[in-house]
Amino acid sequence: MLREWMTIVTHQQIAHQTYLLELQGEIAGLVDNPGQFVHLQISEQYFLRRPVSIADVSPIKGTITLLYKVMGEGTEALTKKGAGEKIDVVGPGGKGFPMDEINSKKALLIGGGIGIPPLYYLAKELTAKGIEVVSVLGFRSENDLFYLEEFKSLGEVHITTNDGSVGTQGFVTDALPALDTIETYFTCGPTVMLKNVKEKLDGIPGYISIEERMGCGIGACFACVLETPGGCGKGYVKVCSDGPVFRPEEVIL
Amino acid sequence: MIDTTVKLPGIHMKNPIMPASGCFGFGKEFSQFYDLSLLGAIIIKASTGERRFGNQTPRVAETSSGMLNAIGLQNPGVDGVIADELPFLYPYKTPIIANVAGSTLEEYSLVAEKLSKSGVHALEINISCPNVKEGGVQFGTDPELAYEVTKQVKKVSSLPVYIKLSPNVTDIVGLAKAVEKAGADGLSMINTLTGMRIDPHTRKPIIANQTGGLSGPAIKPVAIRMIHQVYQEVDLPIIGMGGIETTDDIVEYLLAGASAVAIGSANFKNPNICKELIHELPETLQKFGFNSVKEAVGGAHH
Amino acid sequence: MIDTTVKLPGIHMKNPIMPASGCFGFGKEFSQFYDLSLLGAIIIKASTGERRFGNQTPRVAETSSGMLNAIGLQNPGVDGVIADELPFLYPYKTPIIANVAGSTLEEYSLVAEKLSKSGVHALEINISCPNVKEGGVQFGTDPELAYEVTKQVKKVSSLPVYIKLSPNVTDIVGLAKAVEKAGADGLSMINTLTGMRIDPHTRKPIIANQTGGLSGPAIKPVAIRMIHQVYQEVDLPIIGMGGIETTDDIVEYLLAGASAVAIGSANFKNPNICKELIHELPETLQKFGFNSVKEAVGGAHH
Amino acid sequence: MLREWMTIVTHQQIAHQTYLLELQGEIAGLVDNPGQFVHLQISEQYFLRRPVSIADVSPIKGTITLLYKVMGEGTEALTKKGAGEKIDVVGPGGKGFPMDEINSKKALLIGGGIGIPPLYYLAKELTAKGIEVVSVLGFRSENDLFYLEEFKSLGEVHITTNDGSVGTQGFVTDALPALDTIETYFTCGPTVMLKNVKEKLDGIPGYISIEERMGCGIGACFACVLETPGGCGKGYVKVCSDGPVFRPEEVIL
């Protein structure tokens, strides 16, 4: 893990309140797995860093791509930064999806809103390993859609929107494909979604990626802990350093 | 050559800079970023008698020039700390200060006694943690209880004892005098100010515990004021902390009366901060006309 | 239509927004920027028995997300305020709250009595000014003295009395309960936190008085926490203040338990701030699902 | 007085740590007298505004010119702003030099360091009124010199530097011209300089412009007061609204 000033290579809006940010620096060479994140210092005005998933890595350009949504003051301020500017980044954080231990024929990816970005890099890595990918992506509305073509180029895609403006109206759990051939699932999104997914896909081996407010982002402050069922292990895990990806049975959501 | 060494009871330091308790875990994570032997000392996270899970999440919230935290003293318990965490730190050439917390006098004594025999160099007694329901707070706000806990800990411990004071009090000097009388070897100042943030969307406090401890540059003027007051009235060395982010801040603390400083939440903004401050300090001291750290200590009082 | 009106003892307001004492003088300067009739109310600078020059300069210093001040209650004395300052404000359609300070019980009584007959609508008793050597502070930190001063002021004044509490105390609820028992009609929370800054160049405190009162967004989490605590235990309306800069901040204060809010040092950053907040408030309330200010008050406690 | 976002027209370094900042906006049309100042909000990161004197006004362009020196964090951050950007300004503040009441043949202007800028606009206005101007300008060193040609185009100029690298070595009071024909003096600079000037020029009618730390900058907070001799008037004056220009006999320095 490093702290460095990365250079903004690209910064553009790709959907309603949604931006693509491509950053160049040494951190790009340190990414081990999809599902890892970087911790961004937006400016001196915001005391805490903001965790954002790595949505893609280009080893050739030495860049990582982030896809983020404006959720509050920090992400709003982030939109003001232009290509060529530098940004203070710590990363790559966390362990991500353990690509080495995954060995399936067909995988189901379920993402909601700002949980979708890490699944893109995951889908790329899975298909590169020859694993078939089916994605279910949930958005608020038509204007919020992003990276649809990118996901489609990697496999079957199902869309849901809260207002039904595209795809199935409802939540990701309302548009699950036939599950009989799915050997592993991967999901990332708001905690309430993760809970529903975990319940619906009970029995299928899975990986869930969890969001929690962070202090340090490196495992030192205990801001981001989750309890483990029956106090397994140490009785807790740290989302930032033990996760953000866990097996559903490892944590209490 | 600027002399940055500092000798405090139990801790002989290359420089006056150490990470603050709870903001550096037990060191392991930060050892990815730099060699911990660079540090003047290291204050580890609080230990309690038994292991504690701490509070519900969210445990942190951002504020203007600061943050709130309500971790709730999560730790593996004193035995776990001694068995699983301290061995990692021993090889580093850095004195270790163990932070002691508890809900009862007995718990403070027990933890202090065990840590005294563990190989650490000094104890910092956290009588001021605002984020746990019982104990902690009262020990830090009532001079008699503060006296009592200091007395008990001194009885069972052969190590120098630094008492960490809470800023959430009317009379910080009264507290400092009480623990001085009880035999404290030094003071740590300050712990966090109790605060709250409410999210207008959810209409609830952001932190699950409702209140949290405010740290960061926002509280620096309060820390400087309290250290300045206590330095005039109490004859104990002070480890100063609260919002330090620059070497200019460190000089301000030294001038107010701190003999050494601890860096807390700034470690989250910049994991290299301690290393960078250690590197820059000699130049900054020189800029302000000092030849040593000692020369600056209490300089605002002359 | 969002209902922004607020009725508090003595003050019927179009909106819950008023400038805080000491940050708006007696209104004249800000009347260059907008019509003071827009304000929900106006709290004027402290009056004392005799005219005071106040402290030496520098009287202000900048801090992270805030500032220190040690004006030292400079004012023309209560007679001067009544003769020379209040007449300017009477024509505006805005209730006036006069801030009362003193060094002795007698001085508080005298000032309160005179102001009661002057045409203002309520009194705010500043028992918490940290920037004067005698009096002021003790009244705000000792519940018995706070009780006493409230009692005396209530005796001589026919106007509603708001007691302005100091945050520099161990037990804010104890203070609030004491003044409630003494008959206070409302609370103002909070005054400034006592702080200090030292200039590493001069090696001296920047503020001539050494310590000053910390205001601005830095202290907001402390204010929110205290208001949240007091709201649960005391049955008095609260005027909330401390670091308010946005209408989101105002909603946070209302949710914590404030019935109205005062804007202090933000007036220095933006002389139009009160006007702008008044303009934006209805939209912000609506955004968070409120139809009125009243609906939001104490919302974090349900 | 206004609060407005003025547009940066020019921003350039003109000497060691010294910058010229030209701002366009309505405030330019409201300046009454030389010696008035504007109160700049550098950014959200600096809580208090910074007072800076108006060094020139261009009614045609609708601009004011400021000349400032980097003295600390705020002025350092200010240097980063570029032409075209907007800056939050309150002004014009204070009363300045009362041009209407000045009626001399020859005026002496004495400025030290960052006290020099307001004297330039003053010199222009005085010469426009047909008053002869002699300036004594004190700098730290040769590198710090600025606006020399500008002052020279308006009259006689004497220079001092602390290190003697140009002009007379020493302070402004070491290079005063013959005082017999001087009918009025005007001085601006650090308080210790003002004290010396006041003493040396005792007997000659003068105006001194004073620096003090400010809160509001508009006369409301009582941060910037000075005592008056023998408690004259109210017993005090406010630098920001009654000043920053006073008669030497009006205030205790």
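We just call them A, B, C and D in the order they show up, numbering each chain from 1.
Here, a contact is a pair of C-beta atoms (placed from the backbone, for glycine too) under 8 Å apart; a residue touches a chain by one contact, two chains touch by 3 or more.
According to UniProt, the chain labels map to these proteins: A, D = Dihydroorotate dehydrogenase B (NAD(+)), electron transfer subunit; B, C = Dihydroorotate dehydrogenase.
On a predicted model such as this, the values are computed, not experimentally measured, just so you know.
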item: Chain centre separation in whole Å, for chain D relative to chain B (Dihydroorotate dehydrogenase) (CA means); value: 46
item: Rounded Å distance between chain A and chain B (Dihydroorotate dehydrogenase), as computed from the means of their C-alpha atoms; value: 35
item: Centroid spacing, where centroids are CA-atom means, of chain B (Dihydroorotate dehydrogenase) and chain C (Dihydroorotate dehydrogenase) in whole angstrom; value: 34
item: Numbers and ranges of chain A residues touching at least 2 other chains; value: none
item: Per-residue overlap in chain B (Dihydroorotate dehydrogenase), given as positions that touch at least 2 other chains; value: 63-66, 216
item: Touch-based graph of the chains, sorted into line, ring, star, complete or other; value: ring
item: Pairs of chains in contact (touch as defined earlier), listed by label; value: A-B, A-D, B-C, C-D
item: In the complex, chain A residues that touch chain D; value: 44-45
item: Complex contacts: residues of chain C (Dihydroorotate dehydrogenase) adjacent to chain B (Dihydroorotate dehydrogenase); value: 63-66, 68, 141, 168-171, 193-198, 200-201, 203-205, 210-212, 214, 216-222, 224-225, 228, 243, 248, 251-252, 255-256, 288, 299-300, 302
item: Chain D residues within the chain C (Dihydroorotate dehydrogenase) interface of the complex; value: 1, 3, 41, 46-49, 74, 88, 90, 212-227, 234-236, 241
item: Complex contact set, residues of chain C (Dihydroorotate dehydrogenase) against chain D; value: 22-25, 28-30, 32-33, 45, 51, 53-54, 57-67, 69, 71, 74, 76, 216, 265, 267-272
